[in-house]
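Presented below is the structure to which this report refers.
Order of writing sets the chain letters: A, B, C and D. Residues in each chain are counted from 1.
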Amino acid sequence: MSELLLHVKGLSCERDDRMLIRDLAFDLHGGEILQIEGPNGSGKTTLIRILCGLSDDYEGELHWRGQPRHRNDDRFRQEHLYFGHLTGIKTSLSPRENLRWILQLKGVGERGPALDTAIETALEKVGLASYEDVPVYALSAGQKRRVALARLQVEPALLWVLDEPFTAIDRKGVAELEALIQQHASRGGSVLLTTHHALDIPGLRKLQLGLGGGQWALN
Amino acid sequence: MGTELNPAAVNPAVVKPPSMAQGFNAMLRRDLVVAFRQRSDLVNPLFFFIMVIALFPLGIGPEPSTLQKIAPGVIWIAALLSTLLSVDSLFRQDFDDGSLELALLSPQPLFVLVLGKIIAHWLVTALPLILVSPVLGVMLYMDADTIQATLCSLLLGTPVLSMISAIGAALTVGLRKGGVLVAIIALPLYVPVLIFGTGAVEAASMSMAFGGQLAILGAFLILALAFAPFAIAAGLRISLNG
Amino acid sequence: MAFDNFAEFLAMGKHGAYVWAAYGISLLVIAANILAPILRQRALRIDIQRKIKREKLES
Amino acid sequence: MFATIKRLYHQFGSPRYFYDMTGKMLPWLIAGAVLLIIPGIVWGLAFAPPDYLQGNSYRIMYIHVPAASLAMGAYVMMAVAGVVVLVWRMKMAEMVARSIAPIGASFAFLCLITGAIWGKPTWGTWWVWDARLTSMLILLFLYIGVMALNMAIENAQSAARATAVLSIVGAVNIPIIKYSVEWWNTLHQPASISMTSSSMATEMLIPLLLCIFGFYFLFAVLLIMATRCEILQREQRSNWVRQLVENN
């Protein structure tokens, strides 16, 4: 059993006076993929925002690699990747500039040429080989999405927190992303994602939300 | 995934501990590039500043004596209103496309990133005003050292205005109807800067020493630089907490 | 008593209008601050009672 | 001593305890307010001697000065509540801070109106850019900013936190604004006109002190009444509120 990454205990969250999640508890080890399911408004995105640190409107405990989150917050921020509905890609910049900014924000060590080659190979992998310096507003919706997905190729992170990653991607893209997720898990990372898409990934764990009164079910 | 970076994908120990300078430079450089790609945001506050100042002689009459008397107030209030006009674009775009969330989740301390953002915003919107203000000073019959006082006071004062309005912008970034609210929040806090800014220019127009007023503006600047980024970071975290 | 009779008290020299105007407005503002929570509390109680009744019907 | 403060702090932190306790304290506070304000006002209006300089118009002071000190004190109290909201995340502090703003604003407004009315017979104009009146005007704008932000945010908790940040920033700026307005005022209007005659006779001073204390009791009453409404509003789902509402 590989290292325990995320440990959640007694997590409950109330949103405008109704109990969204009550006493949620689960552990996420390296190599595991957890899909969060539930109807719209059942608190999927709220849970994602709590787990990745955007929202602190909750009671309960969150531990990252054995330490409570408020103690190793910096380390957690460096070791996880958040991929939200809004991808964070600025349309007036080119894919290269977007990725360079995101990586520098993450405190990636590489500089200059090493960073550029890494970005180029990542863009190549998502099929944007010759589009490195085209402003993103000139790209198609699918290509815009793939610029964001290039982050998964290059951004160093142990835990991937993906919010609806499969939206606006064609069938080929979906298959590629599923393969990427499995590959990340096989190399010791873990993935936490919300999607309505039926994933055929072996060993996939599911967390069911929105069963009323903050109940949840984990298989 | 064979690139050098990727072994770090699973073992992030390779990642350098975050350095403030890297975060600050990344945010500053990116915002400047974004600003230069979107000319309109750059130019609007400048035109607004020029037009508002040009209106006063039309409204109040062309006599040099009256214009000279009101010139300090006119230039400073126009600069203040232009800052208010341009502040909405500070966080709004990043909020809409999600990059604000990435900044919040970065290991770099948020107040450093925010400082980078505000300095970029100041360079883009306030600096052109300062550079153009001598021309407008001449239009209002200002003499040489009054114009010099205007330049110095604007140079010291407008960053404070930007930081105060950034606090308002951070607190209202998530709201649909944020625009006017930033003005209501920020205007009362502008008062000390306005008083000492116009005070300096007035003292110069009466050919008195204006070093004292500039010193106090400098003190406001240091106070703002020290405290405002923390209030802005707290405001952003609260706005995006929902 | 600083005034000889009630009429003089009302007039207060030529300042009567100002003094009574100031006190009148103050009374209004303070009365508003007293009434507002009372009315709001009553409205809240009615609203909560209605919500409880509605929940009873649904369950 | 510190232990009792800590105990009280935690006890009053629970909305139910706050609601019950303040319910019991309210009659005493109302009595205190009435017993201080009525004698203070009657004494100030009827029995205090006329001012040799201003005649009777100075009697407006018995409303103007308490309102000014309350407007200032309420803002500082709101900022302190803001610190409690941000640091200890106490829900009760959120409700208290939210209820202070309108009351503080009304006293600031009251101070301005009575100051203007007082100014008319004294200086011949309704509004004078006197340092204190101008600072009070800006304080009223700060209140309006806080209330506007409060109304603009739906979620009660983030509204409370956002207004907490704003009221703290405002509180830090109050001395700066006061200093700059005073400097600006002396620059433009060298002859500083004092509102009240220099030395105040004791017959004038005692009613003023009565009024000031009375107004602080009044403020406590208004704040408690407003905060109790806020508690009912935010705790309406809890069953203690439901029972409370059902049985009367």
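Criterion: a contact is a pair of C-beta atoms (placed from the backbone, for glycine too) under 8 Å apart; a residue touches a chain by one contact, two chains touch by 3 or more.
All of these numbers come straight from a predicted model, not from anything done at the bench.
Q: Counting C-beta pairs in contact, which two chains come out on top?
A: A-B
Q: Relative to chain D, which chain has the most distant C-alpha mean position?
A: Following the centroid criterion, the farthest chain would be A.
Q: Using Cα averages as centroids, what's the distance between chain A and chain C in whole Å?
A: So the centre of chain A lies 56 Å away from the centre of chain C.
Q: Counting in whole Å, what is the centre-to-centre distance of chain B and chain D, each centre being its mean C-alpha position?
A: Roughly 33 Å separates the two chain centres.
Q: Please report how many Å separate the Cα centroid of chain B from that of chain C, as a whole number.
A: Centre separation, chain B to chain C: 44 Å.
Q: From the mean C-alpha coordinate of chain A to that of chain B, what's the distance rounded to whole Å?
A: 34
Q: Where in chain B do residues touch two or more other chains at once?
A: 241-242
Q: Do you know which chain C residues sit against two or more other chains?
A: none
Q: Out of chain D, which residues touch more than one other chain, so two or more?
A: Each of 155 in chain D touches at least two other chains.
Q: Touching chain D in the complex: which residues of chain C?
A: Where chain C meets chain D, its residues are 1-3, 9, 12-16, 18-19, 21-23, 25-26, 29-30, 32-34, 36-38, 40-41, 44-45, 47-49, 51-52.
Q: Write out the stretch or stretches of chain B touching chain D in their complex.
A: Chain B reaches chain D through residues 167, 171-172, 174-175, 177-178, 181, 184-185, 187-189, 191-192, 195-196, 199, 220, 227, 231, 234-235, 238-239, 241-242.
Q: For the complex, which residues does chain D have touching chain C?
A: Spelled out, the residues of chain D in touch with chain C are 41, 45-50, 54-57, 59-60, 63-64, 67, 102-103, 106, 109-110, 113-114, 117-118, 120-121, 218, 221-222, 225-226, 228-229, 232-233, 236, 241-242, 245-246.
Q: Once bound in the complex, which stretches of chain D touch chain B?
A: 86, 138, 141-142, 144-145, 148-149, 152-153, 155, 158, 161-162, 165-166, 168-170, 172-173, 176-177, 179-181, 183-184, 187
Q: Which bits of chain A are touching chain B when the two form their complex?
A: 52-57, 74, 77-79, 82, 84-93, 97, 100-102, 104-110, 114, 117-118, 121-122, 125, 135, 153-158, 183-184, 187-189
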